[in-house]
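Next, two complexes with chain A in common: one pairs it with chain B, the other with chain C.
This part shows the complex of A and B:
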């Protein structure tokens, strides 16, 4: 009895030794990630790719060649692509520039009640987008008595049918996204600002630099890695946007003014039970995001930096 | 070259990882909002699980399970009702049936989604043996909408008879006698009088199917004929959409509904404040009145739909939810018997009215004393609700549902109502023809 337990202990020791050896231990540490990546990301990606060539019904899965891809490039898809692209550009612009300015204000010694402002900006990102969407819908309802239209009325502007015009639809989605993610991006930039040595500002002041020169020559260059990071995730988030449109119109917006690429995937794949077509849309979205991100990263020189 | 390859790989990984590292997605997966259990403490009880998107339906089945366990102690069930958000429940079910595991025993499927579950090899159990002997007692149109190839797969929740709810306070102020409204012409005349004297619109039109489907069905038209051929752009439908357009944009007696439909927070507030004089919607909307529009208690009168001419149906069965038994159930027979007990039997139909305020799909209970007993709906509205129904019973038009119905409903939500009525960027004819072409291209 004791002999067997001794051997099993021995075995265990050997195993531990093997796992602890310098060659193996790094793989042990990364294995949880690798495994979850293989199972939860790579496998579904490959499966989606295969599905995009199939017509999928319960008990009747058939290969249909390229026919899903043949159907993709229709006016509805282009409308979704156009909406998504405009949305992406607007959100990237707003969610990079405004948070930088806000972060600088929040970092300044002159600002009072910093903690309150910081938390006030951050709280929206903790809110459920569904709840936020209901509030936004009520604020931007089409009646004259809705908050937004009352504000317009105060300035003598006519009430707007917010959810039924294409410009105001885009405005609603971008506003909701900006409201939600502003605080998070401010945090990134605040962290970036902490890394800038104060001595640089002091010596710049001695050299007679004004506020804008300091911003342009010290703050911006130091924030560059953060700017690249934030704009990259904003581009990707912009292309895979779904909720901001869903909360206003669910999957059917009037004249498709709120339709996004992922919304189109969801509408066709799940709601219309055409999963093969949905998978094909997903593959196209993946390719689009891949190409755009690659271009963006190359243009900003992200690959040249070792500290990205 | 090697470097570029490496760069591409890095970029690809970033994209895949970022694209997958999602934030909390509120619309997919996840736990039920609410779980209700009955009889889980009983010995030898068989587990039955039920998914729904309406908390009231969960309550309804839970109380049926209690009655079942009292009546059939030897076949006791341990019943679990799980309520999920609408989209999430249907998506989960679709994936569970597609993948062959994870589906519940019983499930509520909404009419617009039902066709999705009748494609391929149907993963639901036929209910024919339960109801075939009693078909005469049902408004059978309500069974057909959940059927395929002669099989019935769904137990209807209500008849969904479309009626007009009049706000008598506004009608009286305008001096209109609602019983004098028989034809749609009368309705328009009354509407003009209402708008003139009170400044309140006669009705509002939804951007979705509520704004067109009841009206065309009343004239025995539909999006599809009984052979499944698309009739979306036929003459009657064009004429009817022109009629809707006339109410909104020419006579000015109707507006587009706030929020675009009749189930949004914006609309409830608007209606509750006396925002419109009448509303054309199925009977099941009673529950919405009593829940969300309490200020209207005692002010609403129900009447049948006006008609164009004598051949029109007096009412149309609209909307609906079919409860189905999935083939993944380990106790198909028990699940079916329980479903019959809860929803298809006479007693079950009586409870559909007393607990949910739905007009039961079995007309043989409309006279039952339990149905005629006083309850909150009679108090909120008036006593003769079922006399109206009995009066128009033989004249219920119903809809044809095909696997492409979801495509048509999407066209209505997205393009038809918006372009033809709200924006007037197209004539009703153009909007319908264009939409029909798009649907046809999917059908081939």
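This part shows the complex of A and C:
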């Protein structure tokens, strides 16, 4: 009896020693990641490509070659692609230029109440997109007593049916996204500005440089890595957009004025239960994101070592 | 020159004030509107001409007395966010920590995978993952809602960056004293990493609290809805549920804003994680 307990104790000790050796410990620590990587990323990634060549019905999966991809390039897809691209370009432009300007203002020694301004700008990013949608639907309601139409009325412009025009639909989505993410991007640029040595501005002033020359020759070059970073995440977020459209029209907007690529994926893959086709749309989105990010990084010279 | 400065000062402060008022306007108007009768809210939208004499607590009264489903959603969201924070912080921190302090075969490859997951858009994995959940019969469970957030690559990355700055001499000292490697992490290094835990708790908590697309796929029944899914389910073309929607929205977002006021530093660190440079 005592002999067996001794050997089991010995075994336990050996196991403890094994688990505690510096060779094994790191693998114990990273094992949850490896497991989740295999099951929740690698498997679905491969599966996404496989599914895109299949027709998937309950209990019956058939290989259909390129037929899903042949079906993709239809007018609805092009409408979704167009909406998504316009949305992406507008959000990237607004969410880079305006935050830079605001960050410069916030960084200025002439500014009072810096913390209050910074927090006020940041608070919208705490809002869930659904809550934001509830508010925006009421602010941009059809009634001419709603705030947006009241403002237009003040300038003598007729009330707009915000959710039913192509241009105003885009305006709603871009405004909602800009409102939510402005403050976060301001913080990125603010951090960048604080890295610029103040002596540079002082010596530029001695040389007689004006505000715009200082901005162009000192501020912008220093902010370049952050501009690249922010525009990269905005491009990717732009192509992934779904919720900003969902909160205004769920999944069907009049004339597809709010349809996005991911919205099309959801519509086909989940609502129509055409998983193979949905997976093919996903693969196309992935390729688009990859190509556009690559072009953007090449154009901005992010791959040149000296810039980073 | 001096006069110029004064003009600049005015321009800067005035424009910042205006921008901040615009930024805060939606939330302030949400709170004010939550006291208006919901029928009037549907008819007139959020408006500048509010009639203060109509203000009442009827929306809140309705939600507290007649909308038990809203509190079910609230409980679901609280439980899911809480569990996500605890589990994802535990798993992400040990991975990030190991990547930072140990030298082992395959370390760089694993770190590359971390970056890879950050880059892959979730929307691509969504359908296969959804099918996996169906196959595993996990649809409409807390597990399926939380699963994609449990080992968060962005948190792994953040913890790694933070752990790189930890004093390694402490580890050797602890080893000499007979501390196990696990003891070193839980007793010595983890307490040193607390600020990073705070930042990641906020990032993961907020992501989970506001998560929408994935729960929309895997949640089926009303009693499993999270707050965003539940609120969105009321946004129908025929909906006249603005009493729940508007008061419910206030109670979804205001606790977060209050937390933000107390823990601003960690919110900022957590939500700007993407900006951490390697």
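One rule holds for everything that comes next: the second predicted complex is superposed on the first by the 266 of 308 C-alpha atoms of A that agree within 3 Å, B and C clash if a C-alpha of one lies under 4 Å from a C-alpha of the other, contacts with A are read in each partner's own complex, and residues count from 1 in each chain.
By our rule, contacts are C-beta pairs under 8 Å (C-beta built on N, C-alpha and C of every residue); 3 or more make two chains touch, one makes a residue touch a chain.
Quantities reported herein were computed from a predicted structural model and do not represent experimental measurements.
Undergrad: Could you classify chain B and chain C on chain A, in the superposed arrangement, as clash or fit?
TA: Pair status: clash.
Undergrad: Touching A:270, do we find chain B (first), chain C (second), both, or neither?
TA: Touch status of A:270: both partners.
Undergrad: Going by the contact rule set out at the top, does A:129 touch chain B (first), chain C (second), both, or neither?
TA: In the superposition, A:129 touches chain B and chain C alike.
Undergrad: Figure out whether A:159 sits in contact with chain B (first) or chain C (second), or with both, or with neither.
TA: Touch partners of A:159: none, neither chain B nor chain C.
Undergrad: Would you sort A:57 into first (chain B), second (chain C), both or neither based on which partner it touches?
TA: A:57 contacts chain B only, not chain C.
Undergrad: By the touch definition at the top of the document, which applies to A:41: first (chain B), second (chain C), both, or neither?
TA: In the superposed model, A:41 contacts both chain B and chain C.
Undergrad: A:204 contacts which: chain B (first), chain C (second), both, neither?
TA: Neither partner.
Undergrad: Between chain B and chain C, whom does A:138 touch in the aligned arrangement: first, second, both, or neither?
TA: Both chain B and chain C are touched by A:138.
Undergrad: Which touches a greater number of chain A residues, chain B or chain C?
TA: C
Undergrad: So, A:218: does it touch chain B (first), chain C (second), both, or neither?
TA: A:218 contacts neither chain B nor chain C.
Undergrad: Tell me the contact category for A:89 with respect to chain B and chain C: first, second, both or neither.
TA: Touch partners of A:89: none, neither chain B nor chain C.
Undergrad: Running through the overlay: 166-174, 202-210 or 256-264 are the candidate stretches of chain B; which one clashes with chain C?
TA: 256-264
Undergrad: Residues of chain A that sit at the chain B interface in one complex and at the chain C interface in the other, please.
TA: Of chain A, residues 40-41, 45, 56, 128-130, 134, 137-138, 141-143, 233, 236, 240, 242-243, 246, 250, 270, 275, 286, 289 contact chain B in one complex and chain C in the other.
Undergrad: Help me check something: in the complex, which residues belonging to chain A touch chain B?
TA: 40-41, 45, 56-60, 128-130, 134, 137-138, 141-143, 163-164, 232-233, 236-237, 240, 242-243, 246, 250-256, 267, 270-273, 275, 286, 289-290, 293-294, 297-298, 303
Undergrad: Chain A touches which residues of chain B in the complex?
TA: Contact set of chain B toward chain A: 7-8, 10-12, 14-20, 24-27, 87, 91, 94, 97-98, 113, 116, 119-123, 207-208, 258-260, 264-266, 270, 406-407, 410, 413-415, 417-419, 422-423.
Undergrad: Under the stated contact criterion, what part of chain C meets chain A in this complex?
TA: Within the complex, chain C contacts chain A at residues 5, 8-9, 12-13, 15-17, 19-20, 23-24, 26-27, 29-30, 33, 41, 43-49, 91, 94-95, 97-99, 102, 104, 107, 110, 113-114, 116-117, 120-132, 147-148, 150-151, 156, 180-182, 185, 206, 209-210, 212-213, 217, 227-228, 231-232, 235-236, 245-246, 249, 252-253, 256-257, 260-261, 264, 267-268, 271-272, 274-275.
Undergrad: Flag every residue of chain A that touches chain C in the complex, lowest number first.
TA: Against chain C, the touching part of chain A is residues 16, 20, 22-23, 25-27, 29-30, 32-34, 36-37, 39-41, 43-45, 47-48, 51, 56, 102, 105-106, 108, 110-112, 116-117, 119-143, 145-147, 150, 179, 182-184, 187-188, 191, 226, 229, 233, 236, 239-240, 242-243, 246-247, 250, 262, 265-266, 269-270, 275, 278-279, 282-283, 285-286, 289.
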